[in-house]
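Shared chain: chain A. Partners: chain B in the first complex, chain C in the second.
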Partner chain A sequence: MPQLQFSSVAKSYGDTQVLEPFDASVDSGEFLVLLGPSGCGKSTLLRMIAGLTEITSGELLFDGETVNEWDVRKRDIAFVFQSYALYPQMTVRQNIAFPLVMDRMKPWQHLPILGSIIRSRLMHRPEIAGEVDRIAEQLSLVPYLDRRPGALSGGQRQRVALARSLVRDPSLYLLDEPLSNLDAKLRTQMRVDITALHQKVGKTFVYVTHDQIEAMTMATRIIVMDHGRIQQIGTPDEVYDNPANTFVATFVGSPAMNLISPDIVAAHPTAFEPGIAASGAIVGVRPEHLMLADEGAPGLPVTVEVVERTGAEAIIACQPQGQEGDESRILVRASHTQRRVMGEACVLQLDPAHVSLFDAATGVRVPQTSTVG
Partner chain B sequence: MTATANPRVSRSPRLRLTRALRGVATPAALLIAPMVLLAFMVFWPLLQQIWISLTDARLTNPGGGSFVGLENFEALMAGTALPQVLANTLAYTLGSTGLALVMGTLAALVVNTRFRGHGFVKGVLASPWAIPPVAAASIWLWMFSESRGIFNRIIEGAGGEPVAWLTSEPWAMVSVILVTAWQFAPLVMLVTLSALKSVPDEVAEASRVDGASAVATFTWVVWPHILPTFRLLGILLVIESLRRWDIIAVMTGGGPVMSTSTIVVAIQRQAFQYQEVGMGAAYAMIGITLAVIFALAYLMVERRAEKRNGR
Partner chain C sequence: MSAHSPRRKRSPWTILVAIVLTAVVGFPIYWMLNTALSSQRVLYTEPQPLLPQLGNWEELADDLDGVPVVSMLSNSAIIAIGTTVLTILLATLCAYALSRYRFHGRGLVSFLLFSTQMVPQAVFLIPIYALFLGLGLVNNLWGLVLVNAAFALPVSTFIIKVGMDGIPYELEEAARVDNSPPLGTLTAVLLPLVLPSIAAAAVLAFFAGWGEFMYAATFVTGREMWPASVGLSVLAEQPSSSMPAIMTVATLFAAPAVVFFLLVQRHIVSGLTAGAVKG
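On to the complex of A and B.
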């Protein structure tokens, strides 16, 4: 169960830098999620950990040992591909048993015909057959063991891919968007299953996703990436509560964190704490840390634009008075009992304990010791 | 009432007839041309050939032979030539197909790896396919020449005895097989190469993660993937070898002492040298039977594979 350490690890193809140098470390048994939009370099990073993609510069260490030159096989990893990458000509049973069979076959036994005989004998050995049955049982795959992947549904294929990676008891699990091809219901269920699995095996997991819900619910730590650059490393709470910059603030959380521009803040100085109003920074507030009050109360005067009821709660989109367009729209998460109607004039009140400030030019988080309290 | 409720039923019978006709008319129109062509170019000549094989027709009057029943076949069965011709045909067909498949696949595996100048190498390896068989055979004729050929020069240079490549057994058969395989191999290479390219990268990578070596990845992942293509190439080459005449005709003419006489060479000799068209047609019937047997075997294997894959 290795501790992973990245030391100035970077990747480029020719002149194109796809991953800028970064340092990070992952402790044993952690569930690390690499989170970012498509093309941000997260899958490349995962493949570099696996040894499927070469590291251009820097060092990757497993328990203090440099593994840059290690072959995939030596790294003792399991990799679940986004496309599942099942062997189409093999049955589910043969797919799951494949890593075990490969471990036990000698190099000369991989000849056609002879190899098939040896493989089928190996698969009948109790230690392989038993292990395959046990994993299949665990992932409810027993009825499908003699089918081929082509005859399975997406969810079943996904479970076969998981089973194949679990069967060998590797020390590191790498998963590349394994749930992206599943429907919403199945995804929720598999999310729980994978988290339970992580807790059960207690190994290090590195999980790539663009879905921030997956990241928030499964991770013990998240690395947020964008354009080949690490934006923030932290626990889900840290990333959610104290985003390092405006990218993280808007990428993590649904609906995203509201970013109120310095112009609006300057136009309504009394609506904000004195320190915030004077800072000239972008004000970031999560929708659940905003309250709507009736007109006349102290706060930012707004007009209700849209009310979206989702059952237990309502998302209310407001526009600061005198503003228009998507840029300045502010979303409020309110209880479904709040009765607001479109066009209604209200006042928006901020919870000062949960305000983030970002530099207006760079978007980087500004420390705000003087403003909160 | 129901007619107005359902707009489909409310359409006039005439309209329905037109629609039904349209469903049949398009495939029928598309099929008619090839069917007519096949009838004139394949089925009719085939029927004629069956008839001729049952007559004593001669080249001077191919249509004018009289019916002799199975006499031609009886003569073939009684003679000593047929077993040898069949053995030669099998040796030549399986030898050149097998060798071409092995050479072409090895070439495809080499070209499939990325190296500097692999496009050039691919072009060079593919070029024999473009050379007309008679020209190719002429070039090899010169290389196989007993006195001036490059092979014997090399052997003599190394201190060996020169080999009568085209005029001794079994070298004559080995030589024609080699040249035929040399001509077929580029096709195998190109088709196998495209099959290799269609192996999903992630599946090959998964096998590496699962602990498979390069050889094991080929055996367990790549080979099953290209096997259907390989089978198809096999049957194509078998059929192609069964009817290959030009290379043998130029290089050995079927000799020495009939040792490279395959069915087509025998047909040509019987029908055009000995002018016994009826006898030649009987040989041709045996050739067709062979081709049909190979094709049926292929279809059976293919059907079994499809059933196994659950399609």
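On to the complex of A and C.
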């Protein structure tokens, strides 16, 4: 039985629908990534799972049980807020220990004054202090343990927020862009740490990001969203190799998948497989599945516009002859040994095994028969 | 370790202005003390000496004999503390609802709170007296607590509500995620952050209860029930009272209020929510 199940779940604020009805299910132990551009509804969806935002219609199930009405506390989740939401009056140590302390307090112990005495007592319990130290060590927060959040940098605050959620042992981890404010090195390290944690605890993670590298490297499955609509659900490989539509094709992958418009295909029918040329579809092909050959060879005639060397490889931007503008530009990922210069005329050859076709009108993927091979 | 904000260097002018202001505000207080320590005879026959005279203790003790100073002050304390506790309790809950919930009639409640401030308190004197007669709250300190709290509540609620509006709601959400029950969220997360507003409201409510005269003078008839405000005015009206005695009682009346303010004002600071959320 899947741990998380969405059945026609939707969200609207008044008349504006921010999340259209969708179905999905998440198995126990999965690392699900919600990927999409800013404002597409990722945080909204995550908050609905947490019970922080009300579900407008549809049902959300945990282990087969409808939880729409469940209180946040009953859901047993850890949550990293996109805005951190640190307790400003508490030190970093108190922030991180807070969930552990709360787990151990009885309802009547929260009375004013009495509560603060009990909280500071609990803070010194070896099992709590040890756990806080361990997680602070892991997130390099030890030097800041006695500071307040107001005296930390953005990245340090983000790590405190992460620490506060990872210190517990919930059944579901919900993380809203937990690495967005970290520098590249720390981000890479944290990516590895979170993946390792996921493997160690074996719990379900739902992770929001707009960074596709994070999505591709960490996810067992990705939900790609745009404008409140689920565009595709699949493993990183599926999403990368078989994008469901032109949005996913261009959003996932860097540089994005090239989309060659039907008129260019029609103008050079010999450059493509016969089935493709006749289909009238948009041809999608990733930069690494394109090769540049010298003029005269069979293929699509292009002119080299820009050559960008990134070290091991080069990204070569070309323009089909007779075209100009960003729309028709095609990017090729080539080895750095390829010597091409600006303005040079070449031909572009496609790897027919790795071509995606999209309906010219709707942008939806068209099933292919002709490219088997 | 809390970071100290760098203090600006004070210019001589700032210091001068501060000295002048202190003198203007402080002189009457000094003169009150000075008068309290003088002898009645000197006050009525010679120009009052500028420096306090310290030799008149016996005369003062004689003058104060029969004035129920202790019961006056303790009655005032009961009224003021009762008013403060009741006001803060109700105002905090009311402010929370006004700040966090979007309910029908929310605007109306805010308006009604303010409209009470447009009517002079004297207007309610007779109706409340009539009401309290039936309830047995006349000649009863708790009746005064109730009246004072009612009058202090609107402004206190407003002050605390503004304080709560400044606390990001996500902190409460975070506390819920961290498995804190509502009472825990209130006491561990919210209250420490609205403490400055609560302190400000408490000062207001305390002074309202401590200094209130009109209702106390009307509702309380027994001498043993007099709060200091009433007792002082009765004392001042009696031709037999000596000026040093009046000023001594006035000093004793003012001192607790000053102490309370000094204790509480340390908590009236701003900037407690720094670092809570991004941006």
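Keep in mind that, in the parts below, the second predicted complex is superposed on the first by the 365 of 373 C-alpha atoms of A that agree within 3 Å, B and C clash if a C-alpha of one lies under 4 Å from a C-alpha of the other, contacts with A are read in each partner's own complex, and residues count from 1 in each chain.
We adopt the following convention: a residue touches a chain if its C-beta (ideal position, glycine included) is under 8 Å from a C-beta of that chain, and two chains touch if they have at least 3 such contacts.
As the structure is a prediction and not an experimental result, all values here were calculated from the model.
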item	value
Clash or fit, chain B versus chain C on superposed chain A	clash
Partner chain(s) touched by A:Met105 [first = chain B, second = chain C, both, neither]	both
First, second, both or neither for A:Gly154, with chain B first and chain C second	second
Touched partner set for A:Lys42, first chain B, second chain C, both or neither	neither
Touched chain A residues, chain B compared with chain C	C
Which of chain B and chain C A:Asp146 touches, first, second, both or neither	second
Chain A positions touched by chain B in one structure and by chain C in the second	50, 52, 72-73, 77-79, 81-83, 85-89, 98-99, 102-103, 105, 107, 110-112, 115, 147-148, 150-151, 164, 168
Contact set on chain A toward chain B in their complex	50, 52, 72-73, 77-79, 81-83, 85-90, 98-99, 102-103, 105, 107, 110-112, 115, 147-148, 150-151, 164, 168
Chain A - residues contacting chain C, complex	50, 52, 71-73, 77-79, 81-89, 98-99, 102-103, 105, 107, 110-112, 115-116, 119, 146-152, 154, 157, 164-165, 168, 181
Complex contacts: residues of chain C adjacent to chain A	1-3, 168, 170-171, 173-181, 183-184, 186-189, 191-193, 271-279
Of all residues in chain B, those that touch chain A in their complex	200, 202-203, 205-213, 215-216, 219-221, 223-225, 309-311
